[in-house]
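Before anything else, here is the set of structures, which you'll find just below.
Next, two complexes with chain A in common: one pairs it with chain B, the other with chain C.
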Partner chain A sequence: MKYLALLTGPEDIGQSRLFWIVFVLLVLNFVLGPLWMSEFEASNVSYYLLNLPMALGLCLLWGYCGVLSFGQVAYFGIAGYLYGIIAGNMRGDPWGPLLGEVGGLAACAVVSAIFGYFMFYARVQRWIVPILTLVLALLLETFLGQTAGYQWRVGSVQLGGYNGMTGIPWFQLGDFTFFGYSFYYYVVLLVLVSYLGCRALVNSHHGKVMLAMREDPLRTELLGYDIRARQLAVFVIAGVLAGLSGLLYVQWGNYITPSQLGLVQAALPVIWVAVGGRSKLLAVAISAYALNWITYSLSSAGNQYALVIIGGLLVVVMLFFPDGIVVTLARNMNRQALTRLLRRPGRS
Partner chain B sequence: MGMPSIVSTTALDKRFGGIVATQHVDLDIPEGELRCIIGPNGAGKSTLFALLCGIHAPDSGHIFLKDRDITALPSFRRVRLGLGLTFQTNRAFHDLTVRQNLEAPFRLPRGGRSSTSEERYQYALSTFGLDTTSDVPARELPHHRLQWLEIAMVLAGGPEVLLLDEPTAGLSPEETLQTARVLRHLNDDGLTIIVVEHDIAFVREVAERVTVLHQGAIFAEGTVADITAHDDVRRIYLGQA
Partner chain C sequence: MEEFGLVISVVYQFGTNAAFLLLCALGLIVILGMMNIINLAHGELMMMGAYTASLSYQAGLPFPVCVAVSFLVVGFVGAVFERLVVRRFYGRELSALVVTWGISLLLSQGTLMVFGPFLPSIPIPGGSLDVGAYSLSVYWLILIAVSIAVVVALAWLYNRTTFGLHARATMQDAAMARALGVNTGRIYMLTFSLGAGLAGFSGALLAPTASIMPFMGQQFVAPAFITVVVGGAANVIAGAVGSSVLLSLVRTPVGFYLGAFLGLVALLLAALIIIRLMPNGVSAALLRWSDRRAQSG
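Moving on, here comes the complex of A and B:
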């Protein structure tokens, strides 16, 4: 019961029974999706979903903790490249990809812990954090961009400069390789676990402290918390979640390029989070899915202006829905109407 | 014999550049006392609180809480050892609901928490009439309830010493009286309270002893009657000859 309360607690959208019915139906829709989706469509849906962990991590960090990172793609890239290096070098070993996955996530945890330690324990001002995090991402992009040439290889894997790393192995557990429908289920499962895990976190006592830190760090410290350690913990969680998205990305497309760590890509998670509404996880999940779908559909239809449209959307949202579209809608939704809807079948 | 001291300082000095904020402050607060600290603007009252809580580090001198030297401890450790502070300008979490505000403080796990501190908190909550079920952010509360909310929030953490920096700023006479009543009750219940205050009527209402700060140093100390009768205090602080 205690764990159930963590999921249904008040710090994310949706506490009512109706909400959970819709939620379960939605999950069922994803689970049964392969009945009516081709493998290609399932692969596309996997792509829309795989960025959700990064978006949710940024939501925790920015929306709940008040610390904006503009460089979550750094961890996306670290995990992606490291997976490529480890799994690529262990090609033929059925457990190579799993080791690559663990290695990639561990590297994200270590790098974000070291980087975050210097930021939070030095008590840098909040507005400097986006700049520092972006600089890390751009440094990595620049470094990886000049790794063209045969001398830039780790074991048998070429880093590949701006052309990127290609031929990254699929994810594999023993002899079972995940692609097509199985990869789709693997993504759905990991995204669902990430979302529910984040939801439990924000409804835990630590979640309440995160909100307090967002509002007033000094006041929170004077309520008995080491806010440096708490902010660092959330920063590491967000880094690992961004790393998870990076892993899924390279397992989905079998390649990664330094532009994945560039300025444009760094801005996208911030846009997904801002458009949905950074103060609620569910809002961010919905907008990240929708915006990835829009971007992907536009660019695969040959539209050159996908990013311009996404940027324009951000401007419109900031002007008219400063709290985010989904959060604003959820706040203004007529709860009585929903309750009536829920009661109607029993009344007749 | 008096009670043993719960908070004390020895020769506490703090300068900001060329400005002396506190000089050689030797404060001694016995357990269970309600002490008011008064003094004109710039006398070092808020700085003294900031030093006690670890917001600033003193240039020299020591701070003790229950005979333990806490001078080098970070703020959050001092709070966990039993200090609780409300700020001069209200710093309840204005964008959070009353419930979220009250859930924020660090609390010992059930069992480790003293029943007295829980009772004090519940008492303040009911007397202040704070609605924990409301969804509206705290900023929509009237000013006096925001002030009370911050006090209740700090009490939720179960402090043994409550430091209040001008808790009645901006309150009406009735609200001030209500605040005084609550503080008196909490103090009668054994809670040590130190209040920085300008409102002399309020000081008369609640204080046992008063410490007067002037230019960063302790200028006088005594009962309310002693202090209000003290000619020099009247001159520097009350503006009377």
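Moving on, here comes the complex of A and C:
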């Protein structure tokens, strides 16, 4: 019961019974999807879903904690490349991919902990965190871009320079390999667990402290909370979630290029979160799914306007929907429902 | 004579690194010091400066005039941005970062669509100068001199003019400055325009040393951001000069022995360690030091 209360708590969209019925139907829709989706469509849906953990992590960081990061793609890349190196070197070993997954996530945790230590324990000003994280991503991109050639290899895996790392193995557990429908279910499960985990986190006691830090760091500290350690903890969680997206990405497409860590890709998570509304996890999840679907369709149509559309969307949303489109819609829907209830005759 | 040449060469390397960092970061730090906003479209404004310089150079203007034109054009563009977009975000620094990033994506992709993937480059003016066994580029020597001149001009602007007086008052306490009759909105617009103009100016100056492409701004942003983070916002000139000198002390030897990329990595590591020691940047540390000296002396 206590754990259920964490899920239905007030810090995300949807507390009513109706909401949870719709939510369960939505999950069922994804679970039963393969009944009417071809394997190709299921693979596309896995792609739209696999970016959700990174978006949710950034939402925790920016919307709930008041710390913005522009470099979440750095962890995406670290996890993806490390998975490729470990699983690629242990090709044939049934537990290699799992080890690669653990290694990739651990590397994300370590890098974000070190990087975060220097920033949060120095109590830097707010604008420094996004700038330095962006520099980290750009440097990683530059480094990986110049690793072309045979001398840049780890064991039997070549880093591949701007062409990227190819032939990254599928995920497998023992002798069971995940691709097609089974990969789709694996993604749906991990994304659902990430979302519910984040939702439980923001409704927990730690979540309240996060909100307090966003509203007034000094006052939170005077109430006896170590804000440095707590900001660092959320920063690490967000890094690991971004790493999870990176893992799913390389397991989905079997390749990764340095441009996945570049300036344009770095902008995408920020856009998903800003468009949805950074203060609500579910809003971010919806916008991330929708925007991934749109950009994927646009870019596979070879549309050169994709970047202009994304940049323009970002400017328009920040100017006219500072709370995000989905959050604004949800709020208006609630208000309309309320006024309709109040206006109903016979109820005074 | 051989040692003399080596010393000159090391000093030259150090000078070019410091001048490069200073030119990349000046426009950014001018805006940051005033409004506490990082302009993420900075790299794209530098790109616009380079484009303006290249186009006017092809039109037959002499290079110094091209640089001046870039300063004016990009400064005007900056003023327009400030009026239309940026001024709605004062006091919300994180949102300002995000919206300027949107502008930067629009600018770089828009440039690609209008002008195509590249413009003809500008030949490097000036030849080379031989000192012992080493040869120095005259153009980079000019750039070092220009960056010193820009710093002097900024110091004059901030300390000797009415605009500078009003600007410093606004930085210290905007509400009080407004109460005393300073038009802070105008100061903000002029400062943003000045910062953008400086970005265009630097972009034009660095244009002969780079290839002129829509995404060329990206190579300048990482060093510029690190310089600004280390410099801090307490005092524009102390921050810019202190940080670029400090960082080129790190970058010169690492870049010399281990290559340009590791030089950049060393910059990031140095920045992490410096902010751990001086969270508000070199400028705040310098100010505190000079205050303490003034009190004890």
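Everything below uses one rule, namely that the second predicted complex is superposed on the first by the 333 of 348 C-alpha atoms of A that agree within 3 Å, B and C clash if a C-alpha of one lies under 4 Å from a C-alpha of the other, contacts with A are read in each partner's own complex, and residues count from 1 in each chain.
The rule is short, and it goes like this: a residue touches a chain if its C-beta (ideal position, glycine included) is under 8 Å from a C-beta of that chain, and two chains touch if they have at least 3 such contacts.
Just so it is clear, the structure is predicted and the values come from calculations on it, not from any experiment.
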When the two structures are laid over each other on chain A, do chain B and chain C clash or fit? fit
Go through the superposed model and pick first if A:226 touches only chain B, second if only chain C, both, or neither. first
Quick check for you: in the superposed arrangement, does A:216 touch first (chain B), second (chain C), both or neither? first
Determine, under the contact definition given at the top, whether A:252 touches first (chain B), second (chain C), both, or neither. neither
With both complexes superposed on chain A, which partner does A:307 reach: first (chain B), second (chain C), both or neither? second
State whether A:208 touches chain B only (first), chain C only (second), both chains, or neither. first
From the CA centre of chain A, what is the angle out to the CA centres of chain B and chain C, nearest 10°? 70
After superposition on the shared chain, which partner residues are touched by A:289: those of chain B (first), chain C (second), both, or neither? neither
Is A:178 touching the first partner chain B, the second partner chain C, both, or neither of them? neither
Return the chain, chain B or chain C, that is in touch with more residues of chain A. C
Taking every C-alpha pair between chain B and chain C in the superposed model, the minimum, in Å, is 5
Check: chain A residues flagged as touching chain B and also chain C none
Complex interface listing, chain C residues touching chain A: 32, 36-38, 85, 88-89, 93-95, 97-99, 101-106, 108-110, 112-113, 218, 221-222, 225-226, 228-229, 233, 261, 264-265, 268, 271-273, 275-277, 279-280
Residues on chain A engaged by chain B in the complex (per definition of touch): 205, 208-209, 211-212, 215-216, 218-227
Where on chain B is chain A touching in the complex? 53, 55, 74-76, 79-80, 85, 87, 91, 93-96, 100, 103-106, 153-154, 157
Show me the residue ranges of chain A that touch chain C in the complex, using the header's touch definition. 62, 66, 68, 70, 115, 118-119, 121-128, 130-132, 134-136, 138-139, 142-143, 146, 263-264, 267, 270, 274, 304-305, 307-308, 310-315, 318-319, 322
